[in-house]
Amino acid sequence: MFILVNLKAYPCDPIEVATAARDVAESSGVRIAVAPQAADLSRVAETDVETWAQHVSSNGHGSYTGSTLAEAVADNGAAGTLINHSENRRKLADIDGSVTAAERAGLETIVCANNPTQTGAAAALGPDAVAVEPPELIGGDVSVSTADPGIVEDAVAAAAAVDPDVEVFCGAGVSTGEDVAAAADLGASGILLASGVAKADDPEAALVDLVSEI
Amino acid sequence: MFILVNLKAYPCDPIEVATAARDVAESSGVRIAVAPQAADLSRVAETDVETWAQHVSSNGHGSYTGSTLAEAVADNGAAGTLINHSENRRKLADIDGSVTAAERAGLETIVCANNPTQTGAAAALGPDAVAVEPPELIGGDVSVSTADPGIVEDAVAAAAAVDPDVEVFCGAGVSTGEDVAAAADLGASGILLASGVAKADDPEAALVDLVSEI
Amino acid sequence: MFILVNLKAYPCDPIEVATAARDVAESSGVRIAVAPQAADLSRVAETDVETWAQHVSSNGHGSYTGSTLAEAVADNGAAGTLINHSENRRKLADIDGSVTAAERAGLETIVCANNPTQTGAAAALGPDAVAVEPPELIGGDVSVSTADPGIVEDAVAAAAAVDPDVEVFCGAGVSTGEDVAAAADLGASGILLASGVAKADDPEAALVDLVSEI
Amino acid sequence: MFILVNLKAYPCDPIEVATAARDVAESSGVRIAVAPQAADLSRVAETDVETWAQHVSSNGHGSYTGSTLAEAVADNGAAGTLINHSENRRKLADIDGSVTAAERAGLETIVCANNPTQTGAAAALGPDAVAVEPPELIGGDVSVSTADPGIVEDAVAAAAAVDPDVEVFCGAGVSTGEDVAAAADLGASGILLASGVAKADDPEAALVDLVSEI
């Protein structure tokens, strides 16, 4: 299992969460990464935590102002990127372009999707993984792997039918080690989460709990 | 083969093109439809030509101002709708929603895509057809079925791999009966075209030529 | 006072509301218009009610699929158009373009804005009017003219400081004749409303009440 | 005069341009800043050049993935931000929100606009400056201050009519010290430029020329 902690625009200290993630990854052997604001990327990467971008644009080098260039996030230490998060929905053509741009820059890719149907569509674009996150569960206390396990199973099946090399992550409401174990049982290869760690009083303790059943 | 004439925002007389399309459909037995501006839909449908919308929104009834409600275009005579045309690119989640909304309103659906990869992704959303239109050929004089037949073949293969029930249309640069025949030979079930008819001095003659090899 | 009834994507019968609006306008002498779905425009205009579009695009004639061409809505009977409604927010450059496109097609224009600051900005683009609608009050039971009269007064002042020829409308929560009278007292030249009429059991009675204090 | 060098997504070395800008600012006494990719901000700021963001989102802290938080760019050394660049057009409501977000984070603001009309509208939102950049001149060899001096004068007048505290910058095609001097003569308080420095074989020499007539 791969645990990706999305820091969104939360008022947390990105270095504190990054340091905790690095330490728990080292002590547990579980792969854990942190996705900070683009402006915080280089400082987060300096902690030696695995660092991801929250988004990259579909454009390459050129006249694009205010875009997030895949090469720029890679140069500043990112190993991968989210694409099409539910808080940053993109056009189909741009998701295709962002996956291509990210691969060109050497970044791993996770494309987000609302439901099993969109998971199949996203898998057809050839990312490394698709994360299924029902919008109504994002930010809540109920894990998709508990509340609606059928969605995770259906997403795993939808991706496999299109491209068996594409992994499926699940997100939305995951906050405990049991949720993570349930997701793994349903066929998920990883977990996207955010507030459960980023807003925790003790991010390191939250991460220790999350990896406890892996 | 199904010929769909997209009137875009061209300064043509929609009733003149609709009447020509109706007459050529009747005389040739080929299925031909016209997609006018939403505001022209009811008047075009009154000519008894098969009428399509250029776009429908993903929303249903409710507080959505300036959207194009699937039910409203159906009530005014539309039989189907384009979705995600290259001049009206949409978010993946909204394409999914528009296909669902169109089906709920009883409309056929053609989702547009730039390339074979996106054709596979669009097919996963379950429309009736996907139209592959390389953006660089749209509005030009070179037909995709002539200039780059591999794109049409690859799109047909990509759609079939995801869902064999989804047909593939091709567009971009089609202007003659030979182009239509070439597209059919490559596996396309229909043709999207626009300026070749809508900007023709004699739309009826242009349509007669287009269906001549079917 | 000018009363503009926005039918949004509501499941009402647009012809029933249009007929009621026409009748109340005639009997009361108050200017009342109805803004239906673009696809319903020509049928609504045939009732002889003053008909408005909910949106027009910034483009002119050309290769624009799924846009709402200002000329097309004018040709089908529209006398004016909303632009930048809070449910259809637009880029600054496109609002500028839509005002220009609407004027070229002979349409009156009302640009919507969230607050007095944006009202001043919208007024600088030269529309006929700006409608100030605090998003938090839209669709509710509390009228902006009652709940926060300072917003209407500030919007009137902001528009006047930029261009004294631009009128100010107010919207959001207006549902009674008293709300309309209060808006007029605050300097508003018109009212935007939607659910208060479109969702009323008796749209004609709702309109009769709305104009009762004018 | 203030010279702001927008590095866009150019394949230049941001540290090389930043160092050159810092050195020319120091030697000439002219205010010069550099706007790199968000991911490069902290490294660029470490050179001690004045550093700007290319864009900030309208949101504050919260659940916003892939946005560019004003506080995050400020924390990483940005002193100001562009908003609504022609390559990153924004909704009117979001420009208003981004100006507010930037001010809350202590950033200076320059809102971009296509023409004098939009300059007036942007000035009504209360930024520190508006930059007028006719899209057809961006990236070209012809300076707006030479090609169409009336646009700069009209923009200065439009901003002054709305808010005399808002300065006007000009951009698009500026590449020589003469262009800068011409802009100053027309009433501009600063210059936005990009390729003239970022793509120059010798960025420092390009900057020395640009400030030579100030």
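As written, the chain order gives the labels A, B, C and D, with residue 1 at the start of each chain.
As a convention for this text, a contact is a pair of C-beta atoms (placed from the backbone, for glycine too) under 8 Å apart; a residue touches a chain by one contact, two chains touch by 3 or more.
Note that the structure is predicted; figures quoted are calculated from it, not measured.
In terms of their C-alpha centroids, the spacing between chain A and chain C amounts to 43 Å.
Centroids built from CA atoms put chain D at 36 Å from chain C. Taking the mean of the C-alpha atoms as each chain's centre, chain A and chain D sit 33 Å apart. Chain B has residues 86 in contact with two or more other chains.
Under the stated contact rule, the graph of chain-to-chain touches is a ring, a single cycle where every chain has exactly two partners.
Pairwise, the chains that make contact are A-B, A-D, B-C, C-D. Put simply, chain C touches chain B in their complex at residues 6, 8-11, 37-43, 53-55, 57, 59-69, 71-73, 75-76, 78, 82, 85-88, 138-139, 194-195. Residues 84, 86, 89-96, 113-115, 117-118, 120-126, 158, 161-162 of chain D are the ones that touch chain C when the two sit in their complex.
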